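Here it is: the structure, laid out below.
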Amino acid sequence: MRNISALVFASGLAFLLLVITWQFILGGAPMLIGEAILQQAAEELGAANLVTSVVLGYRGIDTLGEIAILFTASTATSLVLSSIAEKTSAKSKPGLRDDGTILASSASLFFPLLMTIGLYIILHGHLTPGGGFQGGVILAAAFFLPLLAVPGRGVNHSGLALVEGFAGASFIVIGIIALFQGKAFLQPLFGHGEMGSLLSAGSLPLLYIAVGLKVGAELSGLLANLAEPSGNGDETLSATESASTEQTSMQAEKTKS
Amino acid sequence: MNNIAFNVALPLLTAFLLPIISSGSKSATRFVGPFVLLAMLWFALAYFNVLQHPVAIALGGFLPPLGISFHLDNLSLLMAALIPLMMLLLWPYNNREGFREESLLLLLAGAASGLALSGDLFNIYVFYELLSVASFGLAAANRTAAAFAATFRYVIISGLGTVLALTGIALIYTQTGTLNLAHIGLLASQLNNPVGLSAFALIVIGIGVKAEIFPVNGWVPEVYSTASPRISALLAGLISKLAVLVIIRLLVVAYQGSQALTLLLVLGMLGIIWGELSAWHSKDLKRMFSFSSIGQLGMVLVAFSIPGDAGMAAGIAMMLHHLVVKPGMFLLTENWNGPIKKLKGAATSSPLAAFLFMLFALSMIGVPPLPGFWAKLLLVTGLVEANAPLYIIALVVLLTATVIEAHYLMSTALKIFSRGKKKHFKKLLQTPFNLTIATIFGAVLLAALFTLTPLGNKLNQIATESSDRSLYIKTTLSLKLPPQVKQQVSKVQ
Amino acid sequence: MTTNLIHWLLYGGAMGLIVIGIVGVVTLTNIFRIILALVIAEAGANLLLVIAGYRFDAIAPILTGQALSAMPTTQIMVDPVPQAMVLTSIVIGVGVQALALALVLKVYKNYQTLDLREIHHRMLADIDHSSGVISLLSEEQPKGERPLPEPETKNVLNSGGEK
Amino acid sequence: MNEILLTIIEVIMMPIVAFIVGLFMVLMMRKLAARLQRRIGPPLFQPLYDIIKLYGKQTQISHGLIHDIGIIMAVGGYVAAEALLPVPGMDGIAAKGGLVTLAYLTMVPSLGLALGVGQCANPNGSIGISRALTSMLAYDIPFIIVVFGVAYHFSSTNLVSIIATQQAGGISTWGISEMPVLALAGLFALHASLGKQPFEIYIAPAEIATGPMVEMGGKFLGGLFVMQSFQLYTASVLYVSLFLGGGENWITFLLKCFAVLAIPIIIAYLFPRYRTDDLVRLVWKWPVMLALIGVAFVMN
Amino acid sequence: MTTLDTLLLFSLLTVLVSGLGVRLKMIGWVSAIMFAAQFVALLFMGGLGYGGSAIESSVSLTILNQPLSWRFDSLSWFFALITIGSALASSIFAAGIWAKKFHKHDGKPGLLQFAIALNVFTMLLLLASGDLLSLFVGWELVSWASLLLMVMAGGSSSQWGLRYIVYATAGAMAVLAGIGLIYHLTGSFSYADLANTAATFSSTNIVILSLLFIAGFGVKMGLLPFHLWQAGAYAEAPGPGSAFLGAISSRMGLYAMLVVVIQLIGLARLIAIEIPFSFLSLRDMLMWVAAFTIIFPTFTALRQNDARHLLAWHGIGQGGYMMMGILVLNPLGSAGGLLHVFNYASNQAALFLAISAVVYRTHTADLNRLGGLVTRMPLTFVVLLVGIIGLAGIPPMNGFVSKWLIYRSLIVEGMPLLFVATVIGTLGTILSVYKLIHNTFLGQLRLEHEHIREVPWSMLAPMLVLASVVFMTGFMPGLVLDWVVSAQAALGIPQLAHTLGGVESATGNLDMIWITLVLFGGFGVGALLFYSGNKAKRVHQLDNYAGGHFLTADDRYHYSNNFYAGLMHHIGSWYRGTFKWLESSIISIVSLLSGSTQRLFHSFHPALFLLIAATLSLYFFVG
C-alpha cells in the first residue's frame, strides 16, 4: 500500500518537475553574476582558475562553512561511535590478521606517491583544475590505503586532530587577519603576483593548503572512525561491550529519572 | 560593521581548536566556550544598539551580488544576539566527558549566526547544512539506542529536505542567474510564475524539516523524547525559529504574491491541528511538549502568512514568545518525564518548578496579561483584518486549538498540583541546575510582562523594517555595483 | 533536435535521479540502501545545479595559454559559480553520509537489524518504556513487558528496553 | 391618615367574615356529602363545635416549636390572604397586592403546614407532604395559566379593578362569558386545589393514616379545620371575583360563592382517588390544555 | 487618585497581604478587615447608586497601540456591591473557628482567603473595564482566578475544575473572536466606537456577534447547553468559597453580556432579526434559552442528594430568571432581572453558609445522612428557612419581589408560555428547597447527631446578617430598587417607577410593606388562636404514631431518600442526560481524531509525507 502510494506520488512529482524544467532553455539560463565574475575575476583576484577564485574568493565563506561541516561530521561521528569513556586514542592490537605481503607492501609503496600527487594538486589549485578538496581526498586515500591493507592498524587520531584543528584555524585566522587590517573578513591578502605562476593570487594558495590539509585529515579521520568502530576491532566483542555501555547508560538515565 | 563576521568566525575557530585545547587542559575546554559566546553576544548587542537603519556588509570585500553579503537589520541582529544568549543558558556546564558536545554547540552557534545574518541563498543553504549536521550530532549525544535510531531517521528526512531545498535553489538560479537575496528580489518578477513558486515550495518544504512544518516533522517527537532536554529546548526554541526566519526572508524579498502566503497558511493550519490534537493524546510530558511545539510553530507560520506589517509583527511576537516559553518547559521534563498520571504531588516536592510550569502553560494558552496573550491578540486581529475566508477558517482553527491546548495543559497542571504520595517526592525533585535556567526563562517572561509597552513599540519598528522589501534590496545593492551587473540589471528590467 | 535530446537527457536525468532517490528512500526498508538512495537524490540535485551553468561549446572557466595575457578572454566559458556550488554541496553530502553511516553502525549494533520497520518499532518501544508509558502502538500489550520478539543473538542487548 | 385607619379596620374585618362564611361552607360540604350518601348530616353549628372542642381538648401533644409555628403559619397565612380578597364594600389591601401576590401568598400556609408536619418526624406525614407538594405542582400550572389569561384579558393584576370592570359591563363582560374555556380550566384547577376526592391522595387515610394530619391532635387539628374553612372561602371567592364579576352585594356574592363551591364538592363524592402520578398526568393533560386554548382565545 | 483607584488599590492590597501571609494564623481576620475596608471604599462611591455619573480611573495603559482604560458606572457599582458584600460575609465566616477545623483536615484557610481576595480583585477589574480589551482581560482573569477557588479543595474538585476551565476557555475564545470581529468592523476596541457604529452593522454581523458573545458569556452564566460544569465546580469548593462563588461568580457573565449586548449593541437589533422558518426573533430564541435554563437545572436540582449540589444547580436556574427579565426589556422586566441578581446573591450566600455550617458540625452534606437538626442548630435553621423562602420566591422575602417583577413584565408583554415556564421553575424550586430543609433540619434526629451544638458566633453572625438582609430588602424593596434604577439608567434602558414598598402602577401595584405587615398580623392572629387553646405538652420525637409498635432511636424512619417518589414515577423518565451525552460525544470525537493524528507521527516512514507534501504543493503552483 505504502509503496503504491509512494509510486503514484513520485510519478506525479516527476511529471511536475519535468513540466517545470521543460520551460528552461538548455544553456540559456541567465548567468548574471557568472558573466560578471568571468569578466572581472582575473584582475580582481589574479587566479588563473576562475572556479578557485569563486570558491575561495567570492564565496569564501561557503568554503569555510563546508570545511566546518566536514569537521562537524567527523566530530559527530566520533561522538556517536565512541563509547562513554574516551577511547579513541590510537592502539594496535596484537595478532592482527595479515592480508598478504603484496597488498601490505604495495600499500606502503603507494603511500608516498599519493602524497605527492595530492600535495601537487593542492598547491596548483589556483592554476589548474583541482584544488584543496580534490587534493585533500587523495591525501586521505594515501592515509587510508594502509588501513585497508592491514586492518586493525591504528591511526594516530591525536595527530589527525592536531592537523585538522590547525588547518581549519589557519583558514579562519587568515580571514581574521584581513579584518584586523581593516579589510573585510576573508578578503585576500598580499598582492596578486604575476598571474599563472605558482606564487600568485595572493592568499588563495594558503587557503587552499589549509583546506587540503583539513579535508585530508577529516576524511581519513572519518574513514578510520568507521573502520574501527568505537575504537576497537573485533565486531561481536565490541557489540557486547558497547551494548553493555548502552546498558549502563540506560540504567544511568533510568536512575536519574 | 565588518566585525560582525566574528559572530561566525569566532565560534568556528574555537570549535576547530577545541580538540587541541582539550588535549591541553580539560578545564579550559569547559570555559572557553562560554567566553566565546559572551563575545558573540557583545558584538551582536553592540551593533543592535548602534544600528540606525539596515546595513549590508560584503564578505571578502566582494560586492554583492557577486560576493556574499551579510544583511544586518534589527531582526537579524536580534536573532544573532538571541543565539549566544540561549546557548549560554543551555550550555552543558556540568558536562564532564570530553569536548565534542561543546564544539558541536559552538559550531551550531556559528552556523546559526551565519543563517541569521547571511543574505545569500546558497550561503544560507551551507549554513543550514552546518546547522543540521551539528544538531544531528547533538541529538545523538545521549548515546542511547533509541537516540541513535531517532537521529538516523532525522538525518534521512532532513537529508531529503536539503535535496529538495537544493533543487529549489537550483531552479531559482536557473531562472534568475543570481543567488543574492536582494538581487533575487530585484528580479522577483521572473519568479512570479509556476517555476519560481514551485522553487519556493521546494525550499519551504526542505527547510521546513527544521522548522517543524507539517507534514515533514515526523522526527520531532522521536528526537525530542530521546535527546536530553537541553538539546530539545535548543532545537525547539532556537533552531526552528532560524529556519522560519529563512523562509520569511525569502517570502518578504521575492514572494509577495498571495499564492505563496496561501501555501504557508495551509501548512500552518494543518500544523496547528495535527500538533495540538496529538499533544492532547500524548501521555508523557516530553512528547506532549514536542507536539505542542509543532502546533505553536504552525501558529507562527499562520501569523507570517498574513500579508503586511501586521502579519510580520504577529509572527515575530509568537516566535519570540515560543522561544522563551518552550525551552523553559522542556527543561522541566528532565525529572518529570514519567507518565503524566505519575506526576501527582510534584508541586509539593518542587513548588518552584510547578509554579514555572503553570506560568509557562498560562502564557502558552494566552491568558492575559501574560505576554502570550498579546502575541495571540496580534494574531487574531491580524487574521480578522486579513478578512479572507481562508484566514477566518484559520482563526477558527486557532481558537479551537487553544481550547484543546488549555485542556491538556490544565489536566497536567492539576495532576501536578494535586496531593501525592510522600514516597514519590524524591523522584519528582527537579535538579537545581535545570530549575535555575527555567527560572531565568520565567523571569524573562515576567519582565516582558512589565515592559509590554516599550516592547510593543520596538516590535512594531522591527516588523515594519523587516517587512519592507524595497528597503532590503536597497540596503544590499546600494553598495557600489560593478558596472557589468549594473547594466545587466538594467537590461533585465 | 539534438538540443532537445540533450535537454531531455540532462534535465530529465537530473530530475529522474532526484525522484528515484526519493522513491528509494520512501520504499526501501534496509537502512543502508536508504542512505544510498539519499546519495542518488543528492547527485540529481547537484546535476541540476551544474546544468544551470551550462553553455553550448564553451570551455572550462580556467585561463590558460594566451588567455592569460589577453584579458578579457574571447572564448565563451561556462558559469563558474554553479561549479563552485556543486563542489561545496558534494563535500557537504559526504559529511552527512559519513554521519549517517556511523549511525547505521550503531543502530545495527544495538538492534541487530537493518530493517527500518523493526528498528522503528523497537525505538518507539524504548521511548515508551523510558517515559513509562505503555506503547501507543499496541494498546493491549501486557504492562511493562516488551511485545517484541527476542533478538536472535544472545550476546546482543536491546538497549535497556527490558529489565 | 384615616384611610389608612379604614384599611386597617377592613383588614381586621375581612378575615372574620371569611371565617364565618368558611364555616358555613364546611357545613355545606358535609351536608352535601351526607345527602349524597343518604344521611342526614350534621347540625348548623357542628363545624364551630368541632373547632372549639379540638381547642379545648385535654391532651395536646406537641413535637416542638416548629410544630406549633407550622400551625400558626398555616392559619396566619390564610388570615393574611383574606385581606387581599375584596368582598362587597371592603377592598382591604387588595389593591396593594394583586393577583400574583395572592397566588403566592396562599403558598405560605402550605409551607407552614409542611414545616410543622416535617417536625413531627413521622414518615407518613412526610410522605403526605411530598404528595401534597407534588399535587400543588400539578394544579398550580393550569391555575397560573388561568391567572395569566385573566390578567392579560383585563390587562391588570389588580383584583379590585378586575371586579370593577366586570361589574361595570354586566353579565356579558363577566369572565365566564368572555372566556368560558378558561373558566372551565379554572374550575378544574380549583377543584384540584381543594384537595378533595379524587385529588386527596396526600391524605389517603387508609394508606398513610391521613398523611399530614397523622400527628395532629387537639388544637393542631383545630388549626387545620380553621385553615380548611379559610381555604374553601379563598378558593371560591377568588373564582367568583375572577369569572363571576365578584359581588355586587352580599347576597349575590354569597350565592355565587356557595354555587361555585357546590360543583367540585358534588363531583368529589362521586369519584375514587387517583394515584399521585396519575393525578399529575391528568392535571397536566386536560386543564393545562384547556387553559392554553383559553389563553389562545384571549390573546388573539 | 480617584475613589475608584482607592478601591482597586485596597483590593490589590488585600490580595498581596493575604498572599504574603498565607501561612499566618490571623490572616483570616486581617483579610476580613481589609474586605470591610473595600466595602467602605465602595460606599464612598455611593453616589453611583443614586444616579451619579461614572467615575474614571486615573490609571490607563497603551499596549501595542491599544489603549486600556478603567471606569465605574452605576451598573458596575451595583455588581461590585454584591461582590464585596458576599466576599466580606464569606471571609468573616471563614476567618474564625471554621478555619481551625479546615486547617485540621489539611485545608489551607489562608489560601482560601487569598483566593477570595484574588477573585474580588479580578472581578472589580472586570466591572471597571472601560473598553473591550480591558473587558476581555478582566474576563480571563476572573475565569482563572475562580479556577483557583474551585480546585483548592483537592480531590474530586480538580476534575470539576478541569471541566470548568475547558468550558471557560472555549467561552473566552468565542468572546475573543467576537471582539476581533468588532475590531475589524470599528477599527478600535473602545466602547464609544462600538456604540456609535453598532447601528451600521449588517444583521449577519449582528447575529454572529450576539451569538459569539452570548455563547461566550453564557458559558460563565451556565446558560444551556453550557451549564454542565457549574454545579459541581461551585459545590465542591470549600464551604465559604462556594458561598462566594455561588453568590456572584457566574453573574460576571451577566454583567459582561449587559454591557456588550444590551448597552453597546442594543437589544433592539436583536428583536429586529427574525429567525428563518420560525415565528421567533433572535431575542425570543434567547428568551427560550433562558426559560430552559430555568426549568432543566431546577428539576435536576430536585434529584440531587447532596445539599451543596442542590443549591448550586438552583444557582444555574436562577441565572435564567435574570436573563429572562433583562431580555423582556420593559422597565419591570429589566428591573426584576437586576434586582434578582442582588436578591439571589443574598439568598444563595445565606444558604451556602448555612449548609457549610451544617457540614462543619456533621461532616456531611448528604441529604440522606442528616435530619432533625432543628433542635440542635435552631439559628442556622432560621437562616436556612429565610433563605429558602427567598430562593423559592414566596412572600415576604426579597426573592418574591424580583420574581413578581418578572412575572408582571411577562404578563404585560403577553408571553404566556414563558410566563408558565418561569412559574414551573418556581414550583420546582419550592419542591426542592422543601426537600432540602426537610431532610436536613426536620424529621428524625440521627443518633450520631445527638450531641452537636449550634455553630459559634463567628459563623452565625454573617449568616444572620445575610438573613436579615434577605428579609429587609423583601420588606422594603425600594432600598435596592433605587440602585437598580440607576443601573438601568447607566444601561440606557427605560427605568422603573418605584416606591419604598415596591412598585406603583395603574395596572397592578406591589406594596411589600403592607403585605408583610398584614402577613405578620395574620401570624399574630394564628398565634393568638393557637395559644388560646389548651396548653400543649412537649413529647419526645420518638413518641409518635408508628402503626402500633414503639420506635427506638436506632431505627431510621426518616423519609428522605427519593423524596418525591410519586412525581419521579411520572417525570423520572424525562431525565435523559442529553447534555452529558453531548459533552462526552464531543470528547470522544476529539480523542478519536487525536489518536489518528498521532498515529500519523508514528507511521514508520516520515519521508512519504515529505514526498506527498512536495508533490501536492508543486501541483498547487504548477498544475
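Here the chain labels run A, B, C, D and E in written order, and each chain numbers its own residues starting at 1.
Convention: a residue touches a chain if its C-beta (ideal position, glycine included) is under 8 Å from a C-beta of that chain, and two chains touch if they have at least 3 such contacts.
Keep in mind that what you see is a predicted model, and the values were worked out from it rather than measured.
Undergrad: Chains touching subunit B and subunit D alike, please list them.
TA: Expected: E.
Undergrad: On the document's contact criterion, could you list the chains that touch subunit B and likewise touch subunit C?
TA: Intersection of subunit B and subunit C contact lists gives A, E.
Undergrad: Quick one: how many steps at least from subunit C to subunit D, stepping chain to touching chain?
TA: Counted as steps through touching chains, the separation is 2.
Undergrad: Centre to centre, using CA atoms, which chain is the farthest one from subunit D?
TA: Of all the other chains, the one whose centre lies farthest from subunit D is A.
Undergrad: Please name the chain that ends up farthest from subunit E once chain centres are defined by their CA atoms averaged.
TA: A
Undergrad: List the centre-to-centre spacing of subunit D and subunit E in whole Å, with centres computed as mean CA coordinates.
TA: Averaging C-alpha atoms per chain gives centres 36 Å apart.
Undergrad: Can you check how far apart subunit A and subunit B are, centre to centre, with Cα atoms defining each centre and the answer in Å?
TA: About 28 Å, centre to centre.
Undergrad: How far is the middle of subunit C from the middle of subunit E, if each middle is the mean of its Cα atoms, in Å?
TA: 64
Undergrad: At what distance in angstrom does the C-alpha mean of subunit D lie from that of subunit A?
TA: Roughly 106 Å separates the two chain centres.
Undergrad: Among the residues of subunit A, pick out those that touch two or more other chains and give their numbers.
TA: Each of 2, 6, 10, 13, 16-17, 19-20, 24, 29, 31, 33-34, 37, 39, 58-59, 62, 65-66, 69, 72-73, 76, 80, 246, 249-250, 253, 257 in subunit A touches at least two other chains.
Undergrad: For subunit B, give me the residues that contact two or more of the other chains.
TA: 122, 126, 129, 133, 136-137, 140, 144-145, 148, 153, 156, 160, 167, 171, 173-174, 179, 194, 198, 337-338
Undergrad: Counting only residues that touch at least two other chains, what does the list for subunit E look like?
TA: 598, 605, 607-608, 610-612, 614, 618, 622
Undergrad: Which chains touch, pair by pair?
TA: A-B, A-C, A-E, B-C, B-E, C-E, D-E
Undergrad: Which of the residues in subunit E come into contact with subunit A in the complex?
TA: On the subunit E side, the touching residues are 605, 608, 611-612, 614-615, 618-619, 622-623.
Undergrad: Across the complex, what residues on subunit D touch subunit E?
TA: Per the stated touch rule, the residues are 7, 11, 15, 54-64, 66, 68, 71-81, 83-84, 93, 95-101, 104-105, 107-108, 111, 114-115, 118-124, 126-127, 129-131, 133-134, 136-137, 140-141, 144-145, 148-149, 151-152, 155-158, 161, 201, 209, 214-215, 218-220, 222-223, 226, 275-277, 280-281, 292, 295, 299.
Undergrad: Quick one: which bits of subunit E touch subunit D in the complex? Just the residue numbers, please.
TA: Touching subunit D: residues 371-372, 374-375, 385, 389, 393-395, 400, 404, 407-408, 411, 414, 416, 419-420, 423-424, 427-428, 430-431, 434-435, 437-438, 442-445, 501, 506-511, 514-515, 518-527, 529-530, 532-539, 541, 543-547, 557-559, 563-567, 569-571 of subunit E.
Undergrad: Which positions of subunit C touch subunit E when the two form their complex?
TA: Touching subunit E from subunit C are residues 22-23, 25-26, 116-117, 120-121, 124, 136-137.
Undergrad: If you look only at subunit A, which of its residues touch subunit C in the complex?
TA: 2-3, 6-7, 10, 13-14, 17-18, 21-22, 24, 26-27, 29, 31, 33-34, 37-39, 41-43, 48-51, 53-55, 58-59, 62-63, 65-66, 69-70, 72-74, 76-77, 80-81, 128-129, 133, 195-196, 215, 219, 222, 225-226, 229, 236, 238-240, 242-244, 246-247, 249-251, 253-254, 257
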